[in-house]
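Below you'll find a set of structures to go through.
Shared between the two complexes below is chain A, which pairs with chain B and chain C, respectively.
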Partner chain A sequence: MLNTILQLAVSGAALGFVYALVGIEYSLIWNATGLLNFSHDKIITLGAYVAAGLFFTKMGLPIPVSFILSIVVMILVGFLMATVVLNPLRKMTTIFTIMGTILFGKMIYELIRLLYGSAPFTVPGLMTGTVHIGSLVIAKSNVYIIVIAVIVVAALQIFMQTTKTGKAMRCVQQNKKASELMGINVKQNIRITAAISSVICLIIGFMVIPLYTVSLSMASMIGLKGFAAGVVGGFGFLPGCIVGGIVVGLIESASVLVIPSVYKDAVAFLVLIIFLLIKPTGILGKKS
Partner chain B sequence: MKKKVLGLLLAVSMTVSLAACGGAGTDTTTDTSTADTSTDSAETSAPASDVLRIGVAAGITGNAPLEGERMQQALEMALEQYNESDGSIKIELDVQDTQGTTAGALNAVQRCISDGCQVILGPHGSTLVLAVGDTVDAAQVPFISGGTSPNLLDQFEYLYTCRTNDTYAAAIGAQACVESLNATNVGIFYCSDDYGSGGMTVASEYFEEQGIPYSAEAYNTGDTDVSGQILSLMNSGADCLFVWANGVDLAMISRTMYQLGCELPIVSSSSVAVQQYIDLCEPEWLEGWYGVGEYVESSDREAVQQYAADFLEYTGETGELFGATYYGAFQAVIQAVELGGGIDSASIKDGLSQIQGLEVVLGTYNCDDQNNLMHECSLIQMELTTADDGSSVVAPVVLEQLSVDY
Partner chain C sequence: MLSIKSIDTYYGEVQALMDVSVEIGEKEIVAIIGSNGAGKSTLMKSIMGLVHPAKGTIEFKGEVISSLNTWDVVKKGVIYIPEGREVFPELSVLENLEMGAYSKKYSAKELKGKLDMAYDLFPRLKERQKQKAGSLSGGEQQMLAIARGLMSDPKLLMCDEPSLGLAPVIVDEMFDTIVRVNQEMKIPIIVVEQNAYMALTISQKAFVMENGRVVQSGDSQELISSPEIKKAYLGG
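So, the complex of A and B:
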C-alpha cells in the first residue's frame, strides 16, 4: 500500500508541476494585461508541434538544436500574440478580450491541423525509461518534468526579482497607469511577458510529449487544470500557482485510492469550486 | 471608434474561424463519363434523381481527427476506383464534419439529410450513433456505422453496423484470457465511454459465467495519467489484464504498464492492431500483447493486401481500420443499390438487408436480422521483429480467424 501511495505521489507531483507551469502562464499574462488568456492550451500544442514536428521530425535536427530553434519561434509567436491580441484588447470589455484569446487559439489550432494534419505522433526515445528505488518504479519522464519545472520556476523568480525587465513587469502588475507615468513602456512589457509565456508553453509542450504524444488535443485538459491550479494556489501570485499545481496534482492522483477512478478528472474541478466558495483568494493569495 | 472597429473585426474573424473549423462540408462529385473528381462547397439543394448522394458524417476535427480523415480518404479512393471500374451510377459524396461530438454529429447528419442524401456513412462511434439514430430513423435514411456497442442492437431501424459488435469482439477477448492465457483472476481496464463500457459489460458477464473473479478500473477519454488504476489492478491479484480502450489512449496505457513493470499478460481491444496507434508506442511497450484484431495488414487475405497497397498508393499512408471500415461500407452501398434495384433510400435499405457473402476488407458481410453486416474478427498477438534498417518493430500476427452468429 505504501508503495502504491509513493508511486501515486510521484506521478501526482509531476502532473502538479505541469499544472503549476500552466498556472504561472495564466498569471503572467493576467498580471501584465489584466486579461485571461484562453489560448494557452493551443500555444502549448503549437510549442510541441514546432519542436517535435517541425525541427525534430521534419528537419531531422537533434533534440537540443530543435528546442533552441523552437524557443526563437515561440518568442515570435508571443510577440505576435501581444501585438494582435493582448495590446489592442487590454482596455476593451472582458467579453472582447476573452473572444480575442479564444479566437487566437482557434486560429493556431487550425494552422497546426492544416500544416501537420491530424495524425498524432511521438518522439521515439524521448524521456523514456524508468528509475528503480527499492520496489518503487519511477518513470524518467516524471523525474525530468519535476526537475525541469523546478528550474523554470527558479529561473523565472530570479528574472523577476533581479533584472530591470523583471522589476518592470512587477511594477506593471501592481499598477499599470502608475508604471506608464513612471516611464515604463507597458506595451513593450506586455510583448516581453507574452514571449516568456510562449516559451513556457513550449517547455510544457515538450515535457509532456512522453505522457500525451503530440496531438491536437494534447493540452486541452492541462489548460483547464492549470487554471484550477492558479485559483487554488492564489491567482496572479507565482508561488501560489506552484503550491496550487502540486496540491491539485497530488489530490487528483491520490483520489483513485478512495473514489472510483472514473471521477478522477472531476476532482481537480471539485477542488476549484471548493476554493472559490471557501477561500477564493487561494492558499497563498492575499485579500485585495 | 477604434473599439468599434476592433469589435467588428473580432466578430468577423470569429465567424470565419468557426466556419473554418466547424461546419464546413465538402462535396466530392464525380462525373462518371470523365472520372474527374472535383471538390466544391456543399449546397443544400436536392440531388438530381439519377445521382446517388452518399452522406459522410466523419469526425474530421475534434478528439480523433485522424479517424475522420482516413474515413474520408478511403471513401474518396473507393469512389475513384468505382468510377474507373464501373461507374454505372453517378455518385456524390457529401462530407460533413461531426467534430467528434454528439452535437456535431447531429448537425452533420441533419445537413446530409437536408442535402438529400439517400444513404449516410457514419458517424463513427457508438456514442455518436446513439445521438443521431432517432433523427436518421425519422428521415428514413439508411446509415452505416462502425459503432460496435451492444447498445446499438435493435435500437434503430435504419442503422446498419459494419464492424464486429463488441458483444462478440469482447467475448473473444475475454475467452482468450481464460482459454489461451489460463487466467484465474482478471483485471479489467476500460474506457468509460460507450465503447469501453460495452466491452467491460460483455467481459464481466463472461467472467461471471466462468466463475472467474475480476476487478475493474476505468479511465476517461483524454486522461493523461492512469498509473493509479494500473497499480490498483496489479495489486488486485489479477494474473491477466483485459484492456478495452480507444486507440488514441493506447500509447499512454501501454507506456504506463511498461514503466510500472507490469508483466501480466494483456488482452486488448482492436486498437492494438491499428498501425497509427502502434506508431505512437515504443515496440517493447506492446510486445506480447494479445488483441482482438479487425484490420491486420499482415493477414494473408487478398482483400486486405489489395486495400493496403491501394491506400498506400492513393494517400501515401498506411492502411488502417477506420478507412477500411468505410471502404467496405461503400461497397455495401453499391451492392445494396444492385440488390434493391434503385438509388432511393427505401431501395438501398432493402438492398442492405439482403447482403450476403460480400467480401470486403474486414471480412465478409452477411446482413442478419439485427442489421449487423460483419461477424468476424481475429485473435492476434503483437510480435517483436526486426525491420529492414535493423530497428525493432512490433506488429500484429493473426493467431486465429473467428466468425460467429449473434
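So, the complex of A and C:
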C-alpha cells in the first residue's frame, strides 16, 4: 500500500509539473498582453512534432541536437505569433483576440496534419526504463519530467529577476504605458515573451512524448488541465501555477485509489469547478 | 530645444489638439496651464509618441520626433513623468529606479552614482528602497516617479500634474525639487499643472490652453498679474 501511494505521488508530481509548466507558459502571455492564448496546446503539439517528427525521425539527428534545433524553430514561432496575432490584436475587443489565437492554433494544427498525417507515432528509447529504489519502481520519464521542470522554473525565475529583459517583462506586465516611458520597446518585449512561452511549450511537448506518444491531440488534455492548474494556484501568478499544478496532479493521481481510473481525467476539472465556486482567486492568488 | 509646430492630434474622430505651437528654450522652466480637458496631457502624449499628431511636426534639437515610437523618443533624452505617477507597484523602489535607467547602458559605477543622486534628492526613497512601490504613500510615489525620470540623465523633463492629490506641504516640496533639478542639472522642464499659481510662480514662461488650443502665452510673471488669467485660473 505504501509503495502504491509513493508511486502515485511521484507520477502525480510529474504530471503536476507538466500542468505547472502549461500554466506558466500561458500565464506569461496573459501577463504580457492580457490575452488568453487559445493556441497554446497546438504550440505544445507543434514542439513535439518539430523535435521528434522533423529533426529526430525524418532527419535522423541525435535527440540533443534535435532538441536544440527545435528551440530555434520555436523561438521563430513565438516571434511569428507575437507579430501576426498578439501585438496587432491586444488592443482590440476580446472576441477578435479570442478568434485570433484560436485560428492561429487551427492553422498550426492543419499544418501539422498536412505535413505528418494524422497517425500517431512514438520515439523509441526516449526517456524509457525504470528506476528502482528498494521495492519502489519509478518510471524514468517521471524523474526526467520533474528534473527538467524544476530547471525550467528556476531558470525562468533567475531570468525574470536578474536580467534587464526579464525585469522589463515584469514592467510590461504591470504597466505598459509606464514601460514605454522608460524606453522599453513593448512590442519587442512581447515578442521575446512569446518566444520564451513557445520554448516552454516545446519542452512540455517533448517531456510528455513518453506519456502520450506524438499525436495531433496529445496536448489537448494537458492544455486544459494546465489552465485548471493556473486557476487553482492563482491566475496569472507564476508561483501559483506551480502550486496549482502540483495540487491538481497529486489529487488526480491519488483519485485512482478511490474512484475507477477511467474517471481520472474528470478530477482536474472537478477541482477547477470547486475552486471557482469557493476560492476563485486560487490558493496563492491575491484579491484584485 | 523643443519646437512644436502647429500640430493637430485626434483620439479617433475627436480632435483634442488644434493648431498647437509651443517653443521650449534651453534651461528654462515652462508652465502649461489650463483646466481639465484643455489638452495639456494630450500635448505631452503627442511629444512622447503615445499618440501621433495628424498634422504638424515636433522637433527636438533640430530632429523631427513626431513620428517616432515612444521608446525611441525616450532614447533621445525626452522624459515624461505622467499624471498619476504610474510607478511599477510590484517592483521595489530600487528596481523602479533601475528601470528608469533602462534606456541607458550604465556601468555598475555609473548606476550607483545615479542612485546616489536620486537618494540625495529624496532621502525618503533610500529608507524605503527595498519596499514595493505600491506600498508607498502618494507623495512618496510622486518622488519616486520624479527620481525614476531623472535616472536616465534626461535632456528635457516633462512633469504632468506633479501636485495632483498631494498634501500642500508635499506640493511645496515637489515644486522646490523641480526648481532644484532645473538649476543643478541645467535642463529645461515643462510643468503641466492645474495648480496655475504654483506653476506660474516657478516658471519663466507659460502657455495657457483651452479646448485644445493655446489661447495665451508669455512671461509667467506678466501672466500671473494679468486680469484675465487671475479671473480664469487663480480664483479672482
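To be clear about the criterion, the second predicted complex is superposed on the first by the 288 of 288 C-alpha atoms of A that agree within 3 Å, B and C clash if a C-alpha of one lies under 4 Å from a C-alpha of the other, contacts with A are read in each partner's own complex, and residues count from 1 in each chain.
Note that in this section a contact is a pair of C-beta atoms (placed from the backbone, for glycine too) under 8 Å apart; a residue touches a chain by one contact, two chains touch by 3 or more.
Owing to the predicted nature of the structure, the values given are computational and were not obtained by experimental measurement.
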Looking at the combined model built on chain A, do chain B and chain C fit side by side or clash? fit
Touched partner set for A:Arg113, first chain B, second chain C, both or neither: first
Touch check for A:Pro210: first (chain B), second (chain C), both, or neither? first
What is the contact status of A:Gly183 with respect to chain B (first) and chain C (second): first, second, both, or neither? second
Looking at the overlay, what does A:Val137 touch: chain B (first), chain C (second), both, or neither? first
What's your read, chain B or chain C touching more residues of chain A? B
State whether A:Ile68 touches chain B only (first), chain C only (second), both chains, or neither. neither
Per the contact definition in the header, classify A:Met59: touching chain B only (first), chain C only (second), both, or neither. neither
Between chain B (first) and chain C (second), which does A:Val150 come into contact with in this model arrangement: first, second, both, or neither? neither
Determine the nearest approach in Å between the Cα atoms of chain B and those of chain C after overlaying the two structures. 9
Residues of chain A that sit at the chain B interface in one complex and at the chain C interface in the other, please. none
In the complex, chain A touches chain B at residues 4, 7-8, 11-12, 15, 88-89, 92, 96, 99-100, 103, 106-107, 109-110, 113, 117-122, 124-125, 128, 130, 137, 139, 208, 210-213, 215-217, 220-222, 253-257, 260-262, 264-265
Given the complex with chain A, which residues does chain C contribute to the contact? 48, 50, 69-71, 74-75, 79-80, 82, 86-91, 95, 98-100, 102-103, 148, 152
Note: in the complex, chain B contacts chain A through residues 3, 6-7, 10, 13-14, 17-18, 20-21, 60-63, 65-66, 68-69, 192, 217-220, 222-229, 231-232, 235, 248, 251-252, 255-256, 259-261, 276, 279-280, 282
Can you check the complex and tell me which residues of chain A touch chain C? 164, 167-168, 170-171, 173-175, 177-178, 180-186
